[in-house]
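Naming follows writing order (A, B, C and D), and every chain is counted from residue 1.
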Amino acid sequence: MIKVGIVGAGGYAGVNLLALLLRHPEVSVSWLVSEDAHNGKKISALFPHLTNICDLNCQTMADIGKLTKGTDVVFLALPHGIALEYVPAILAAGAKVVDLGADYRFDDEKTFEKWYSVTHQDKTVFKEAVFGLPELFRDKIKKTRLVGNPGCYPTASILGTAPLLANKLIDPASIMIDAKSGVSGAGRGLKLNTLYCERNDGVMAYSVTNHRHMGEIDHILCKVAKEPVGVTFVPHLIPQDRGILATIYAKITNDPPKAGQMTNEGIIKLYKDFYKGEDFVRIYPTPCTKNVRGTNYCDIGVEVNEEKGTVIVTSVIDNLIKGAAGQAVQNINLLFGWPETTGLQQIAIFP
Amino acid sequence: MIKVGIVGAGGYAGVNLLALLLRHPEVSVSWLVSEDAHNGKKISALFPHLTNICDLNCQTMADIGKLTKGTDVVFLALPHGIALEYVPAILAAGAKVVDLGADYRFDDEKTFEKWYSVTHQDKTVFKEAVFGLPELFRDKIKKTRLVGNPGCYPTASILGTAPLLANKLIDPASIMIDAKSGVSGAGRGLKLNTLYCERNDGVMAYSVTNHRHMGEIDHILCKVAKEPVGVTFVPHLIPQDRGILATIYAKITNDPPKAGQMTNEGIIKLYKDFYKGEDFVRIYPTPCTKNVRGTNYCDIGVEVNEEKGTVIVTSVIDNLIKGAAGQAVQNINLLFGWPETTGLQQIAIFP
Amino acid sequence: MIKVGIVGAGGYAGVNLLALLLRHPEVSVSWLVSEDAHNGKKISALFPHLTNICDLNCQTMADIGKLTKGTDVVFLALPHGIALEYVPAILAAGAKVVDLGADYRFDDEKTFEKWYSVTHQDKTVFKEAVFGLPELFRDKIKKTRLVGNPGCYPTASILGTAPLLANKLIDPASIMIDAKSGVSGAGRGLKLNTLYCERNDGVMAYSVTNHRHMGEIDHILCKVAKEPVGVTFVPHLIPQDRGILATIYAKITNDPPKAGQMTNEGIIKLYKDFYKGEDFVRIYPTPCTKNVRGTNYCDIGVEVNEEKGTVIVTSVIDNLIKGAAGQAVQNINLLFGWPETTGLQQIAIFP
Amino acid sequence: MIKVGIVGAGGYAGVNLLALLLRHPEVSVSWLVSEDAHNGKKISALFPHLTNICDLNCQTMADIGKLTKGTDVVFLALPHGIALEYVPAILAAGAKVVDLGADYRFDDEKTFEKWYSVTHQDKTVFKEAVFGLPELFRDKIKKTRLVGNPGCYPTASILGTAPLLANKLIDPASIMIDAKSGVSGAGRGLKLNTLYCERNDGVMAYSVTNHRHMGEIDHILCKVAKEPVGVTFVPHLIPQDRGILATIYAKITNDPPKAGQMTNEGIIKLYKDFYKGEDFVRIYPTPCTKNVRGTNYCDIGVEVNEEKGTVIVTSVIDNLIKGAAGQAVQNINLLFGWPETTGLQQIAIFP
């Protein structure tokens, strides 16, 4: 049993992570940190669904130095720009770190600073961080002590697009990703836009040309493609609490692909081959967010519109599990050499 | 006061049309036809929200010849392939026709037959039909007696795309339209896919490469662009009862557009100019389906991603009003020379 | 055309009132007041669904003296305890007042003060106020200049219960009212409890023993019954944006009711007789909030469980229309002698 | 590992049972039966969320004799009136039975026949059946081979009411239960009433005076109270897929209860004492369905309205888990002597 702590336990990602870790057979949750206003409150007072399950008290960031001692892994679920103030000290104290925020997702400071408008002050460990998408970077994750856990939109988008780019089947400048997200992605903070009455029956796009996850998607897909990739990414809010569906559109390249590859049968086989042996990727037609609700799966469907010369991928995840907490658990399973599905065998609640 | 009849009053489009016409100051609803199982039932028995408002009985298609006599306009809301059996006789009897189905949306039989897999048997009046999208074809509508009322997805998609194509600003082969629809678009029939439990929290794509509205969109956009247009169109079901959001992606053409045109300011001005004087098109950022709920508006937002060289349009309608019943009323307002907003001045119910 | 002003236009009740008044043929909306943070903003900036429909600027309560001059009716949609500071001056300036808040719903100061924990400082006009439920107090409303517009829960509850009490058919101490409300009843303010993610899939009771509307229901039902009435009232939040369903349970009195009265047929007839001639009350089995959405109707169903000796009433309204803005319009129709349905002939949007 | 089979796997209750059993450490699912139309289909074709998790084929009721051999427990999730044709043979073949339908919930044939309008033809084993509500009938369940798994509404209603009746604190004729259910309770069959568009934004009561679960609640509560109990029970459909909230109203008896018992503090203590040691009952204020989603918990809140002399209980469950599949698992845990929480330690997915 390893000892872990969670910073940001009062948010939606944090509490989902807590729930997964409470049922993880190799993990003991030692402490929780939340915002100052929660100091001393039981986590079950903030989240009554944890009544009789977890009665840890929330502590504050001021306690982090003391708390870190004897902790094996610290999970950070914080707004961007904060984790980087604390991570070097946590690592120095001997704990591993999984950062669910954006601070350690880029191995290029300038790109991070461009999208997040902060100076990345941590010059010491920044380069050690590994982008925690196991399906693409498993070997690196196993060897690191600092994981930058991917964003929710990037997880669905990158897993959906990677097989096409890795096989050079599409024009990398033609990729359009239309992502639909449940409202929980916006967090538990109080905002007009996330009120029930504003979102019910109300689908809309937001951050149409400048969502920060566009930078993350581009950054990682360039590595996959080994050439420049420029994705047009537009997120939308839909009236459900969790779930992301990314619909990915791209033009098939003029260079003729291998015979039969760009048919529905061929492309499905290519996706199944690419994700062969992956526990958390499933390939079948027109996946629905409902099928992955509460699970660590990324379900992918792919079809070719031969007349139009386009390929369309639909990729669904639970934004709080595969898009945050579940992937973080998958990453510590790698860090500690446990089977990758440990603590992640939930079946979607349907309906 | 003109006399009108509605065929298909037992469906969602039909009952919305009925509701609009009951409050239209120039119209008297004389009769209703629904499926045989509804024969003799009061419409308010099928739809209790009409209690004390309309107590007409449903009649059947077998009565259509008799009913048509003395009727000024017949509205047809039927599955495709049926209207074309009846329209020539209705016109011959002296009534005008607004067909809310697909049978009269194409002026090219082969295209219709390709997408709908039926032989278009009506050779007599087919060529008379006018595509009833007033913002683009107002003059022709005024002069016809047979309107093919546009589909819901095409209405949002075409109005969102037309200014770009008419101004030759985008590559017509690059257009990707990602449409999200409330469940009412699938009708009141009993289907597994439209059960509450299957759709709540469950966004998914469907008919990814072959939705019939893709043919309609291509067909009309070619007229607008005056060159071939091939749109990749993917519809999605989202958990709300009504509303469509079409997100339209296209590559800006290499030929340099006029100075400043492809900036956010420039493109917004272009859209406002294109729709100047239109009562039912509004231009503002990131429109939401909630803002048009129950109204005949099409609200459009447009932004340029200059780095990626793409333009993104979001276009929202109420699929049952501007996408069906409201547009049908707008069309008869044109047919009879009444102000175009007659009976269509509803304000969206918010929230 | 009379001139009206709305105080509290930035809230859900206020903006619904505005929408109704903008389409009312006898009314011109002269000015809007909202909270200070909205000062100088267009109302369509706060509510984009009003784009091109109303572009009045929001003013502040500091302007109320100036604004009131020349205004025929001032509508107040404010949290309790504020209206009573302003109403005497508004009346003195010659305007009539419809207060959508709670300050003028009680003709007994002590009862008001008990439930609202404020001292009712307005001693001058308090006694003039008439409870604005036209179906029960029409004659008084016609003669007043100060209407206390009923609360949303009381509207549904009182209209559902009145026929039973007026006819002495039930034990007044046995009444249990279980009310289910859409989230809009809680307003547009930012609260954890009204976030989309907290309410979706999440029905719950609140204010189980002390909701202020219980006081209002008791107060009015005592007048109807002409004897003490003590209702157990429990409100619930359900995942929809608008709509209230009040389910009312009561024990049939032991004294034998008139022959056949407490059968389903008898009780339905009694309700239909009680509300004979009412434009906005409809009686039919198991009404649904969807049937009154966006309308001023109160739809009521009533059944007798003969074995258990209980009567069960279900009463639905749109909390923002019949429960607030629509009823306010109904009241001014009475104040000015217009037909009671003027501006209130909306048909529910279905589905 | 015991071998189990599920009849009715193609329904919502059945598939939830399957999901729980697939993760139960002591159970192996050997076979599935669904309706004839599903014969030979993979269960994952009916429910794509089971892709790569369970690929058993559906068989039909015609195979039941053969399938039962070597099976330790057969679960039946069928419409009422069918199980009783098969259960005697299944028991005779040596398997235990948990019937999720209504056929074995009554130990009085006449009561069953009154509510279900069928003749109970199974005269052989009917009397053996035990009502499978472990919190009240644990000892009997441990000794039986035939469990009648409780209905969803009765589970929430009985657990919420039992402490009051067992302690003689309320008038048993005064109990009114207002239950709100998600739509999944109506099953996966195609009905107009369960379409997304009919239920979204549409709360309504149904079966106001004659829901069959009223008979079940009365029947069991009489045993608890050891005197006649007559509950007025009214179910409602609310727009969510799963979850039941039963709000229970009763008059406090005139006989003075023990000092302080009918205060909030006293009554909460009484409930906590009554359910002391129960793993699946939690007591806290105003529970929400969201807090039990996907879990076997029944969360209960209780408050006293001292002024009105009433007690109000709110009781929430997941209708498909504690109200069906989870309780069935809890019952086999008792049948086989495993810890009662085995396979039932899910934490609610929040939000």
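By definition in this document, a contact is a pair of C-beta atoms (placed from the backbone, for glycine too) under 8 Å apart; a residue touches a chain by one contact, two chains touch by 3 or more.
What you are looking at is a predicted structure, and each value in this text was computed from that prediction instead of being measured.
Student: Where centres are the averaged C-alpha coordinates, which chain has the largest centre distance to subunit B?
Tutor: Relative to subunit B, the chain with the farthest C-alpha centre is D.
Student: Once you count every C-beta pair in contact for both, which comes out on top, A-B or A-C?
Tutor: Most contacts of the two pairs: A-B.
Student: Need the CA-centroid distance for the pair subunit B / subunit C, whole Å please.
Tutor: Comparing mean C-alpha positions, subunit C is 37 Å from subunit B.
Student: For subunit A and subunit B, let me know how many angstrom lie between their CA-based centres, rounded off.
Tutor: Centre separation, subunit A to subunit B: 38 Å.
Student: Could you tell me the distance, in whole angstrom, between the mean C-alpha positions of subunit A and subunit C?
Tutor: Here subunit A and subunit C have centroids separated by 46 Å.
Student: Which residues of subunit A are in contact with two or more other chains?
Tutor: Subunit A, residues with two or more chain partners: 12, 182, 184, 197-198, 200-201, 239-242, 287-288, 290-291, 293, 351.
Student: Which bits of subunit B are touching subunit A when the two form their complex?
Tutor: Residue list for subunit B touching subunit A: 173-174, 176, 178, 180, 182, 197-198, 200-206, 208-209, 230-232, 234, 236, 238-243, 245, 247, 249, 251, 286-290, 293, 301, 303-310, 312, 314, 316, 351.
Student: Can you tell me which positions in subunit A touch subunit D when the two form their complex?
Tutor: Residue positions touching the partner: 12, 15-16, 19, 22-23, 47-53, 184, 200-201, 241-242, 282, 284, 287-288, 290-294, 299, 345-351.
Student: Using the touch definition up top, name the residues of subunit A that touch subunit C in the complex.
Tutor: Against subunit C, subunit A makes touches at 12, 182-184, 188, 190-192, 194-201, 239-242.
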